[in-house]
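Letters A, B, C and D name the chains as they come in the text, with residue numbers starting at 1 for each one.
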Amino acid sequence: MIRFALFGCGRIGRVHADSIDVHPRAELAWVYDPIESAASEIANRYGTTIAPAVDVAIDDPSVDAVVIASATPTHVDLLTRAVRAGKAVLCEKPIDLNLARVDRCWKEIAALNPTVMIGFNRRFDPSFRQVRDQVAAGDIGRLEQLLIVSRDPAPASREYLAASGGLFRDMTIHDFDLARFFLGEIVDVYATGANVVADFIAELGDIDSAVVVMRGRDGELCHITNSRRSVFGYDQRLEAFGATGMLSVGNQHPTSVRLSNATQTEAAPEYLNFFLDRYTPAYRAELDHLITAMEQGEQPSPGFSDGRQALALADAALESLHAGRTVRLESQ
Amino acid sequence: MIRFALFGCGRIGRVHADSIDVHPRAELAWVYDPIESAASEIANRYGTTIAPAVDVAIDDPSVDAVVIASATPTHVDLLTRAVRAGKAVLCEKPIDLNLARVDRCWKEIAALNPTVMIGFNRRFDPSFRQVRDQVAAGDIGRLEQLLIVSRDPAPASREYLAASGGLFRDMTIHDFDLARFFLGEIVDVYATGANVVADFIAELGDIDSAVVVMRGRDGELCHITNSRRSVFGYDQRLEAFGATGMLSVGNQHPTSVRLSNATQTEAAPEYLNFFLDRYTPAYRAELDHLITAMEQGEQPSPGFSDGRQALALADAALESLHAGRTVRLESQ
Amino acid sequence: MIRFALFGCGRIGRVHADSIDVHPRAELAWVYDPIESAASEIANRYGTTIAPAVDVAIDDPSVDAVVIASATPTHVDLLTRAVRAGKAVLCEKPIDLNLARVDRCWKEIAALNPTVMIGFNRRFDPSFRQVRDQVAAGDIGRLEQLLIVSRDPAPASREYLAASGGLFRDMTIHDFDLARFFLGEIVDVYATGANVVADFIAELGDIDSAVVVMRGRDGELCHITNSRRSVFGYDQRLEAFGATGMLSVGNQHPTSVRLSNATQTEAAPEYLNFFLDRYTPAYRAELDHLITAMEQGEQPSPGFSDGRQALALADAALESLHAGRTVRLESQ
Amino acid sequence: MIRFALFGCGRIGRVHADSIDVHPRAELAWVYDPIESAASEIANRYGTTIAPAVDVAIDDPSVDAVVIASATPTHVDLLTRAVRAGKAVLCEKPIDLNLARVDRCWKEIAALNPTVMIGFNRRFDPSFRQVRDQVAAGDIGRLEQLLIVSRDPAPASREYLAASGGLFRDMTIHDFDLARFFLGEIVDVYATGANVVADFIAELGDIDSAVVVMRGRDGELCHITNSRRSVFGYDQRLEAFGATGMLSVGNQHPTSVRLSNATQTEAAPEYLNFFLDRYTPAYRAELDHLITAMEQGEQPSPGFSDGRQALALADAALESLHAGRTVRLESQ
């Protein structure tokens, strides 16, 4: 039985608490959140204990692993302390908004050979994973083009977005990691964007729509399309085009019902609305991967360096957006 | 070049005129219709001549073949005369509403070894034909179940239906033939029906909805679902279920456009509206089959006996509807 | 918290144990199975206790409800005893293979105003339920035709089938109930069948394929297509056709991946394989319905009479199969 | 009746000959091709006359319009001569590979107020057109993102590609025009490419795969994905994403057949193989548009300037490919 402490009891914290709860070999030992009502809600729901301070949980020798689902600025500190205490860590993305700080963090912990997993849940989505496995198995020959469409149903609040680090570091970072999941090393990046969704996003100096183009080391072309708003629901699709075929992942519906009437045919209901619905199986598989890796003494994946590289891609995209040119990535 | 005379210039007559017009080896020599305006319209459109009487066309030695698209009660007479004059015949379904009359017709012409094709156009629909070919090729193993859904967009007029011979002889007859196209010999038939679409159909003593169940000689189960009205357009589908797979034919759209918005996803436009749209390629392939058979001195298919058997099935279905029991077919 | 005793620890028993385990307001107090290893497995997995005898569980005053997932011949006895002990009951289908015995059972317990729910899980499938709700809301106008396709991936064992009561009572019974879920009262039934899947089924005097046609009180036509074997997986579909539209339920895939290559396009993976996969959400919703009904002092649905009527339909179908004619149902 | 002269009897010339042949108000008066066998084939097939020289056709006062389907280097000269002779012109894309030459051509003919239509057939594809009409009607609100996937089944020959002007001027030019069809004015372009399909293309100094990103004047983001080879057939898709919905155009199949078996489900056959199949209706609608415009004394669209702008976009993309940066377009 792997015993977890959970830091951060917001929306994503609840997802992890739920994954721990239903996992047969996991136990939620402690929860902590600076907002006590948030901590209480999860503690009550899953019958666990609120830690009076993070150290109490980190120093508890019966705790094996820590899930960091707190505000981004706290990630590096919590991650460092947990690693020093010998705990395995599942840290939500991004590790930090500042790449230099991420690199300093790694310098501090690298010698400890830490078990750190970054919460890029989409790698564990059954559909994306199946495509990745089939590409690896050669089902479409050499991979040549990768298309990712990733649109949120609606923008987050002004407060959230103001602290988010911007579209690339907050939202596209998942797509950067997904691209790396398929392509491995990315050679260069180009990005362009627009403000068409909501004025307050422009006022924050951020974009709400983007297209990113990347090239992989073996000549693969990859592009990502983002929007902060999709009225028909969470739009999460992918196409892997290769020399001998194409594998695509479509959006997913809560039911398989279709309606035909006098004005249309075969209309489906709305898509699964957001990440809590679409990626529930992914979050559970992600946790299971960490637990299994710990049990078998292996490193989980994606690891710290994957979190680092996705952030480096976000920074490069931002540089490209401002400079209007291709930005080459340093060799990884 | 095969020269045709066309008898009957209504809706289905125009379809055949058009098929003849676009066929590179066919020519429309004469058209005839008791309603002169109907004949004029086709004659003008395709630059051909109105026959003053059917005999003029039938007796024209330069005419090779006759298309009978006139009112059902005229079929047997025209067919017989055309055969006696040595012409090939493409006769619209049904040959007649009276099975005894059909059998007498055959007795009169059989010795002439006539070239008679019955207009069961669905056998030439590219989708149905592909399924039939793949079934024949063993792609789904032994055929075990056949499901046919066949619904018209809207009921024909009271006048048309009053003379139609009823749902089974007028509409289901296409499905009976399609079933025979897949199963060959049918052993028994059961039919039930309902009046839910339009009161005037009940007043005519006819049904507007039906389910027919048939068994093939090799134990295949087949069912047909009919309705005289489908608000979302012409509903023409088929499933062939076998020991090692299933082949299905879905409805067809005029474009491949799909719409997703706040209330639905992936909604397609209306289906191809009716037989003129859905079966245009089938009608053309049907005519091409006849022409090719004539050129090669072979019998076209479906032939007279196929027309006879589909009518026999319609009669058996009607008997079953009234008797509430399975009706066995005589060995064919 | 509702405390359950579970009788029967086979495949379907495990499904219910799992539903109880994940339900936040349910607790598995006892399990019982004459095969002790089956009981142990569930007891160990869910941390509960094996009852030394059914009476121990039934007589436990802390037990609120009983799930009967044991062999069919034991249902009536267990149900009767549980009702007499004041327990709510969730009984798997069929109540019994003998309609007279079912009716006697009801006579014995009716005066106790029992809380009995029959395990027709498909009523709780999100897709079927959505269609039913939309039909009830008038989204397709008056319901005119209902098509149910229901095929198992592969036949059960000879032993299982020998005791199953035959295709109609064992397998079609789910479809009979689904038809009643949509149509309410059924007026008459016709059935035909075939033996094409497996010789041993014929040797048992049973059929392995069937088509059933039914009529509802308001003229609705309904047909069911069954097979004991579908190589492409569990085939569970439905179409509700009405005056102003059609709602359909398609099969469901484990992922939304599609493959296009040199020989085909848009190929999906296999369907969810069997009821454990396809109907997991349905089983959970079914249990939740019972629990909520108990909490609110209401009768759950489907109830005892629904179990009785589905069996009556199965008997009528069998009679029709042998007699080759429509069988009228007694008014319900 | 509009009388046409056709210059160029290759693959695309045959498409136009066929469109003229089936159009009720068009007539093919002359055909010309330097390769006489090519000219003969079309002349024989459609019963028309081979012009001994282009002037014979251009100077024929009974000729109303000229279709230029000859080799690209001949376009400007033929177009200029035809315009001077007072003929309407349908010129295949590109007008020329050299933008300066295109501009000089326009200077020479502009004063004649010529009727010139450029053969961007995709504007007449029923699916693309329907999406464009629905976008214009506001069905998806303000257009924000446009995704175009355009992949040929297989590379053309080395000879063809060597003279083609490169991927952007030869193949992407259709997508540039399609983007303009939706967006109107394009503000800037970025392009990147790869060589993964065929070595001989790299040897020609050309790319075989590309991603192009463009921005419209109103902030629309557009990207185009190209490949010279798609094993599953002609890949021609589009998504228009807007503030209140999304319209997409999928690939098209020759039949609506789907196959499910032990290894896959719902597999469709190959797509319509190439432009001759996919765009037959588009070519016919294109010709009909020209004829109708001529009859009504209106200018057809897309016109000369549309041909010019698509070429300017191709040049800008090429510049971007080499420079690795966004290239701004001059105001149009």
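By definition in this document, a contact is a pair of C-beta atoms (placed from the backbone, for glycine too) under 8 Å apart; a residue touches a chain by one contact, two chains touch by 3 or more.
Since we're looking at a predicted model, the values are computed, not measured.
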| said: From the C-alpha centres, identify the chain that is farthest from chain C. | reply: D
| query | When A-D is set beside A-B, which has more C-beta pairs in contact? | reply | A-D
| Centroid spacing, where centroids are CA-atom means, of chain A and chain B in whole angstrom | 57
| field | Centroid distance [mean C-alpha coordinates] between chain D and chain A, Å | value | 41
| note | Multi-chain touching residues of chain D, meaning two or more other chains, are 231-232, 244-246, 251, 259-262, 269
| Contact residues on chain C for chain A in the complex? | 22, 126-127, 130-131, 134, 139-140, 244-252, 254-262, 269
| task | Please name which positions on chain D make contact with chain C in the complex. | result | 231-233, 251, 253, 259-271
| query | Can you name the residues of chain C that touch chain B in the complex? | reply | 142, 144-145, 147, 149, 151, 190, 192-197, 209-211, 213, 215, 219-221, 223, 225, 227, 229-232, 235, 241, 243-246, 323-326
